[in-house]
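Consider the two complexes below, in which chain A is the common component and chain B and chain C are the respective partners.
Now for the complex of A and B:
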């Protein structure tokens, strides 16, 4: 897509507008930063002071690298569409969105993009400084360009996966008044447990790990970091990409169906 | 006495108010229940890859979680709704109205509202602790229970200090939403025993920024692993903290120039 087309479509202007809106709420960014950084730091400290089970393949270096990257990946794949969309249905601001000559769901994607890109302003320096502190304990000798390419692709796939899963839950707002409980279970709880937030997926016992690898959650957080750590073979990476792509397509179709039938039942109350 | 009866009346009013929205009240209880279950599952999953954390085995960690949830639920019932209300009060100018009333403003700001949504969590946390008691992880020892009681009071007082600091911040900044998120983030520091942190950070958590006393120390007391000196010095720290933060609150109100209206 060339630049002129992008501009003509209005997407670029909308993206810039969201950047400006977010910069207006700088204090919110600070609170968000604390939320993103604190828990991974706590978990890193916890994992560095455990007595390992015999089958646990991770070393201290693995754990440090893992939780150094968690805030960055967590932020890049984050999507707040559940909160934004259910709010828009409740207070009627969706009505306005529907009237714009612009796909409403696209604006949520752009808002997420602007938000997540801006968080990198402090996340990247923070990660680098923290890495300097622990650099003699983190091994990075295995990194090669092809691995970094896989890493970037995995992040994009993870972002899409989280977006379509969150989006499907968000669109249920057409029928369910409060989707946050559902989101807490399907998107928050299981994601934290099996996506690799609390426990890196690679350190699970065999049977739990297989389940985690089949579910979409691993691809939203753990998978890119596993690639970065160089612990996955090429075939494992391809299988991962295939699994994640399957989930993305499935949920994109689900989202499409929900959106079509939801719009029919939507009566645009509020304003 | 008069103050207490005013607070009781305010509580009654908020309960009646929340009963107006019964469906969302039930939803909130369900959400909190799942929150508790997922918190519990986190520890179980954690221990599939670890035998112990900094000398705490899985049973002792469950005691820590029970204590943590007890404190968290109590904060949620007593302080959380007031923290949410404070943002609105400063924004809408209702704080000015409150300050003109012949009543202790700090008391009303701190305890005006109550939320019963987390009552279930208290019950579940108590069940968890009871189960650990039944299994003999927690030993019946009057001295330990006494220290545990002091530890819980210390913990609640320290959370109240944090609450006071946050509402002072709300008054000073004149616009500060999502303060509860900030408070919850800090709670995540207390989910794991304070022994996991490097020495220097642990020292900070035992003194200037007493995270250790939120859950680790009360849980250690219950398990008979805390020295009474530590517990009582934490209590002293908490008293000094509440007095200091109350003083800060009065200073803040003095310099308050009113916003909104």
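Now for the complex of A and C:
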């Protein structure tokens, strides 16, 4: 789909509308930014304060760079689809999306994208300020254009992976009254553990690391940072892209099936 | 299983056709008390409710049809099936030649469903922003958008609230803006579910008069549900009454009132003195206060009694009216009404 089509069928107008709405909630954006920054900051402090074992491939410098990027990547790949969609099914506001000649899930996707993009207004300056404090200890000499390109592609793939996993959970709202707990388990706890939020995936024991590399979660957070840190060879990057793409396709198919089936059971409560 | 409709020429004469349309809902049941809750945890009880039962509809293009029935009769469920929000349990629906729940974009561009005052408006943005988004989604040209929006703003008198955040508008302003956005793409079919609910009498009248004016100009098919019988009386030539998902009446409103209530009310205000006319069969006094009298009169005796009253030369004012529509419709749903 080219830009002209994106503009012509209303997607651009809807995206801009969400930008306008989100910008009116400045305080909420700030609180959300603090939430995104706080935990990585605590985790970075914890990892820097403990003594590293010989088997740990991460130095203090690696941990600093990793947790500097965690809030930004967390935000860019974040998805509000579960919360918004389950709410829409419960209060019937999904009705208004279903009545428009516009892909119904697109509206939730665009809202999520707009939110993630605008959150950078806070996150980027905060990250730059943190970087200024630790810049002598963070090594960036290895960065080159091809690595940055891989980094950007990995973020896009990570965003899509999180979106389809979140979307599949969200669509279960057609049958399950409250999917937020399920989301907390699959898209919160397991994501934080296997995605590399609490511990960088590269520092996992080998067996667990292999499992994490096979599952979709690593590609939603750790993988782009590993690329940026220059820790992965080209072949490892390609294998990562292929693994993530497999999960994206699989969950996209699952989403499609759930959507078709869910619409038949949808009771369209309220207005 | 849902049967796909057979497309034929006869079907296309109508804007809406349904055949043996059914929609069931599974409703969870739970008796009172902790024990019942525990029992329900291990063995959830439920029952199946038929919200719409073998509904047959044929609605001509350009008609305004009132859809009446008590709460839970299946009116809104039917509107939701006709607009594609709900998939029928069985039966067939064809709206403008489309199967609604397939949600073809061409179909969605041909209809509008108005339910409450925030169906289409973006809550956090002013209406003018919603209009602009709507224009993009429905693919209106600059010229179409400009002429239609100007016309709707004038007809609905909403120029003063276009730039106010929707959440800060009054109910009446929101409803008028809701109608504007719903009509911006000039739908061929307009589904209105309680369009005047919660509005004061003046605003109800404004909305009714707008809808009549809009219909006169653009001739859309309108299917309307309302608890305010004045809405139905003012707008609909034909009414369909459903109860417990079953159609119990389909025809002209006047025929329905004649059938249900073969009497009319004559109200008289005398110049002075008291009413001295002798009341005969088919005529009874139902209210008297000062010089004001109200009689319930058999329809066939109305001209005769009115003439006799005028002949007394003591009449300051005389009106003839039908009993309140609410009362008539209420009669349809009383237990002994089934024999009517």
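The rule is short, and it goes like this: the second predicted complex is superposed on the first by the 267 of 271 C-alpha atoms of A that agree within 3 Å, B and C clash if a C-alpha of one lies under 4 Å from a C-alpha of the other, contacts with A are read in each partner's own complex, and residues count from 1 in each chain.
As a convention for this text, a contact is a pair of C-beta atoms (placed from the backbone, for glycine too) under 8 Å apart; a residue touches a chain by one contact, two chains touch by 3 or more.
Computed from a prediction, not measured in an experiment: that's the story for all the values here.
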item	value
First (chain B), second (chain C), both or neither touched by A:21	second
Which superposed partner A:266 touches (first chain B, second chain C, both, neither)	second
First (chain B), second (chain C), both or neither touched by A:98	second
First (chain B), second (chain C), both or neither touched by A:125	neither
Greater residue coverage of chain A in the superposed arrangement, chain B or chain C	B
Intersection of the chain A residues that touch chain B with those that touch chain C	none
Chain A residues within the chain B interface of the complex	27-28, 31, 34-35, 38-39, 42, 45-53, 56, 58, 177-178, 180-181, 184-185, 188-189, 192-193, 198-200, 203-205, 208
Of chain B, residues touching chain A in the complex	23-24, 27, 30-31, 34-35, 38, 41-42, 45-46, 48-54, 173, 175-178, 181-182, 185-186, 188-189, 191-192, 195-198
In the complex with chain A, residue positions of chain C that touch it	25, 80, 83-87, 101, 103, 105-106, 108-109, 111-113, 115-116, 118-120, 122, 124-125, 129, 132-133, 136-139, 193
Interface residues, chain A side, partner chain C - complex	7-10, 12-14, 17, 20-21, 24, 95-96, 98-102, 263-264, 266-268, 271
